[in-house]
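For clarity, chains are labelled A, B, C, D and E in written order, and residue numbers in each chain start from 1.
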């Protein structure tokens, strides 16, 4: 009997240790950092705060003003029992809520589409790397060097695409992935990733001309480079075409009206709390809106953005492992 | 200690300079212009105003009439406490709101599908350009000229497609991208982009007959031209099949009823403000509806439309850079 | 100063002439006809009226009966202030509205999918036509005749598919697009479009056997014929599998209950208007439902259906232009 | 004048005969049967009734109990005017309604995805049949017999897949479509459709080895067999992974709470009708839920399920027509 | 007559036995176990309980505190009739509900996308297995052994991918599917599935070099291996990119506010029941939220997760059956 008891006890302990985790559990950010939820909220809100704080303060003051006027007898609050007016306001609120949901949905889809494109990039780079490694024949040690340089160009394509999407200059990671001549050339072009794609194609065609690459496999590998360029174009599309601007303006207009109406709705009940509540509500709504507009362009450095650095490093890691490990394995396992 | 203080100060400054941006920040239009939000609103509303202004004025006058009648004792407003009637109206409002959201969603999807098609066009043109450049062998300098002419035909396809979608005549940009004979021929045809696609195919087939282009690669390039024609057909589909007309008519009917009912709902509370509020609400709803119907056909010149000119110029730029830069790079980097 | 004034005047005129358009503007039907909105409504409503008129009359009479009973003192209307009952009705209304939106959405998606399939048909026919024209070699004038006959068979496929979807017999347009022997054969088969697809494949294979068509290009063209058959199957799928019948029955049940409850909700306020309002509301809802069920099968002759005749004519036009114009252009532009 | 009158009369007649149809119109079930709407409702409800009747009776009795208690003075109904409680209930109702809509949507998507897969199956079988028929060369009459046997194996694949999805044994339709040896083999395997796909591939490879089938076309046909296996896997996926079970349990929990609360909401107004109304409402909701869970697995024998038998027969019909008609047509029309 | 009676009786019995099933019916879990609904609920709730129980207890205590304060006369509950405040709360509730639905939808889509990827994995493994089995020629018995080893590597890929997604070490199932040397190599790599994909490609290329595999079919099989890697990347994407963390934080914030407001809404009506009801409502909402966040990562061991073990076993079973049965069938049926 005793054993069963102790078992129950242990299970309880385990149970509550798990429960405790939910209080103090840590969230993993995309960047790989683990923070508890206070830090996460702090980190995330910090990124939107500068943009919305002035508005929050203004709406708080406005709410305070309304409660002041109400106290001094100005009949500024909506009367308690006005069934149909209530109605009109409710409709407005529902419509406004739906528009906010629509905005959130759209931003989320865009974010997710960006993620899918980078996921496809990882896949395509892996397939191209394995494909080139296995398929292209080596006739001399120099061929091997060139092949490895081309595999690194695949990673360089991804990094250059990241920098291109962020409108940043080429950095040392790109430099480390190619020869010096290439790096100089790259700095002259307006569209580095396209240029790198061109070099990869050129390498493949050249190997075909040297009879190291079959025409069918050349065509199949060209198809994968086409996919690279498609992914590049897809990301540019997301970057350059946000939600039609008219919708975000309409949403802000409605948000303004909502914040103007809110104190009038609640002042008769909450009196002096009006200002605080209004500030809090406007803070919530504005931060949702602001986050939505940040997520629409998921290629930047914001904490809600995609972890492009981590993804690029994953690709580099995979390619390096392929270069290091594969050759030896090629012979052993067939025995 | 002092240093930390000044640091805080600096951070504060930076913080508020960022905050200030949100007040005076500039929006980037698709066309590349940067305007502050007053200008953006002005620009956008201007495009819908002529179509909706008369209706806004009429509904404002109607609202004023209702408040006049109410003041002179006509029992025209809904009574304050009619729970179930309120209900019926609320249901109508919710249904109406959902239909408006449905309309907005559909228009947005159509806009976004149009954007995707043009994004694919950019990708396909880039792939075809690089493919043709690398794969087709040159036996004489004349071949090089012809190849470059064909690359420009790719851009011409995009521009001709843009003009075809806008039902405009061929312009000088098209003319500058092809020979004179071709331009004359093109003016005779009813469907210029199809004709250009035909020429590109013809060029490819001709190179194959001259043994400058392998049969596999010919097939792969033909596939890309097929994609061009698919994109063209997709855009025509969006252009020619708007939301079934019956829905936009139903929506307008409901919108009319909504504007007729609104003053009766609010007149008992707002009295003389009724007209103004009614005009404002009808303005908001009508402009949402109007913008929706503008966005459905995203290939025109409206400020909410797709920046087709900019996209075409991007393609032309990419192709020109390929022609200029590539040949020299071809030799250097392999060293 | 004067000039500026006159300019303002002109702009005003232009502004209002555009505004005027929105009053008297004409809608373009899919068929190409342009009608003003009275005619459009009339045309569209006419197609649904016969099916829903009896129900509208019945619900109007029922509304009148309710108001009659109410006047004679039967306590048939819902009491003014029954918060929670109101609630139950509101929930029902919201649920009903959502189901109606669901139905509308589904019908619209089906309509749009049908449109996409026909759009792909246009693309595939264009690609096949250009592909066959360019790729198949001609050894004798007879070959050219046969090639053109095959191009026309592509159009015949589209027309036969249209007729097959409408469950109509072959008409003279089909007859004009093929030889007499073929037309006779076609009348024997149960599935004319499949038979035509078979002939096109057979022609391609035959050209391959005569060494006029490369094996790769044969395979690529076969792939396009596969796409034709896929499109055909997709349209049959839409035609044969409407929204699960149980949903449209449930929707009608709820619609009936809605119309039964409505007069009880509004009779205490509207009294004698009850009948008219009930008839109008039931008219609106029933016509939405009816239009939805019409749009689900978008291949017929209803005014909301897809303009299949126009699409088929576009294809025929494109193919004829290809046959007429292309050969001459083939030689000129390469100079 | 008279003529016009009679014309009007005739049109009226026609109009009302059409109207009459909407009263007595027949619905076409997927199985091809035509029933009027009483029969359809009866047929459909019958399939869900056994599962939900007990619950309906229980909730009816519970409603009756509530009205009994209310009559004897137990203050069991919600008070008339409790604005905020009303609110909480309303929120619950809206949330519950949204969850029901979510469930319906998911079930419908799953149904429709199943339909699409079977539509693709029809297309792929048609393409494979025509492809094999045209492409594989015949060197002897025996070849023709074998080819026709393979075409029938395509149909056998579809039928075996149907039976596999329904967890049924092989039936005589499968037996009639293959040789006796094959049928015996098939009974030994655990996964008949996969085995049949293997045979089709084997036949194709064998024809290639005999030089009756080109390597490219072999690859293209293999691709189509790959599609067959993809479709099979897709249907298995739908079958084996219903909506996560936790959702349907949560939905039933909420449904239970809803039925417990409903009588309390309406008893103060409806008194003795409470039982009947509660039973009816619970019947409607439960049948929606039940239909949803039936439609999730659309491959069975329920009246709402997909008409797999009819689809299989269509395929068989198409293949038989191909075998019968095609050979003769092959020669005639080229003249 | 009697017969008919007994028939009715029997039908009744059958009817009720079916009805009874709905009371005691068993649900099939993904794992294949069959449990009745008490066990299912218990199993499922158990998995989320540890994480949410503390919160449930806290909110219950809070609700009890509110009712205590209310009883002692603190005017803590919302007043009965405050139309517009009610309104503001209702709007909040609707918005909150919509966000919860959004979250549920997103989690479900992610779950379903994961399921689709694993479904595609099954299809691709089947296609690759049949393809390799049929297409690769055997020149010696050793070839057959190697071929079967490669088929098992396909299963090993799936199992290794499962372990990789779960961040678990290689287990004996993987070990049993490959040679010892391979298993040792695999333990060194950081990304076992990628390594296995490399081996499969290497095997195919090697067979091509030995003239046992045609170049076209090699390319087609390489394409299928590309698909394997794509599926792997897709699953990694789902695993590594949950719903943007900001949304789940916002949702929890709103959930907290909701639970804080609820007792104030209902205390005036329910008094001492407040605590119980609050605890129950918070339990329902928290478990929905928790389940959502569990389903987002559908590759683990939770009872709501995908049955990856079962899927892997299905693949192993199919491959083993192919190895066992196929060879004999290859000869028989062609007779």
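Just so it is clear, contacts are C-beta pairs under 8 Å (C-beta built on N, C-alpha and C of every residue); 3 or more make two chains touch, one makes a residue touch a chain.
Bear in mind the structure is a predicted one, so any value in this text is a computation, not a measurement.
Participant: Can you report the angle of the rotation that maps chain B onto chain C, using C-alpha atoms only, to the nearest 5 degrees?
Facilitator: Chain B sits rotated relative to chain C by 70 degrees.
Participant: Please compute the C-alpha centroid of chain A, do the same for chain C, then give the distance between them in whole Å.
Facilitator: Centres of chain A and chain C (C-alpha means) sit 39 Å apart.
Participant: With centres defined as the mean C-alpha position, give me the chain C-chain D separation in Å.
Facilitator: Once rounded, the distance between the two centres reads 24 Å.
Participant: Pull out every residue in chain E that's touching 2 or more other chains.
Facilitator: 78, 81-83, 86, 90, 94, 98, 216
Participant: Make each chain a node and each touching pair an edge, then name the shape: line, ring, star, complete, other.
Facilitator: Contact pattern: a closed ring, each chain touching exactly two others.
Participant: Reading around the ring from chain A and passing chain E first, what chain order results?
Facilitator: Starting from chain A with chain E next, the chains run A, E, D, C, B.
Participant: Would you mind writing out the residues of chain C in touch with chain D in their complex?
Facilitator: 50-55, 78-79, 81-88, 90-91, 94-95, 98-99, 102, 106, 146, 179, 181-182, 185, 188-191, 194-195, 197-199, 201-203, 205-206, 215-216, 218-219, 222-223, 226, 229-230, 232-234, 236-237, 240-241, 243-247, 249-250, 253-254
Participant: So in the complex, the part of chain C that touches chain B is made up of which residues?
Facilitator: It comes out as residues 15-16, 18-23, 27, 29-30, 37, 40-41, 44, 77-78, 80-83, 86, 89-90, 93-94, 97-98, 100-101, 104-105, 108, 111, 115-116, 119-120, 122-123, 126-127, 130-131, 133-135, 214, 216-217, 220, 224, 262, 265-266, 268-269, 284, 287-288, 291, 295, 304, 306, 317-318, 321-322, 325-326, 329-330, 332-335.
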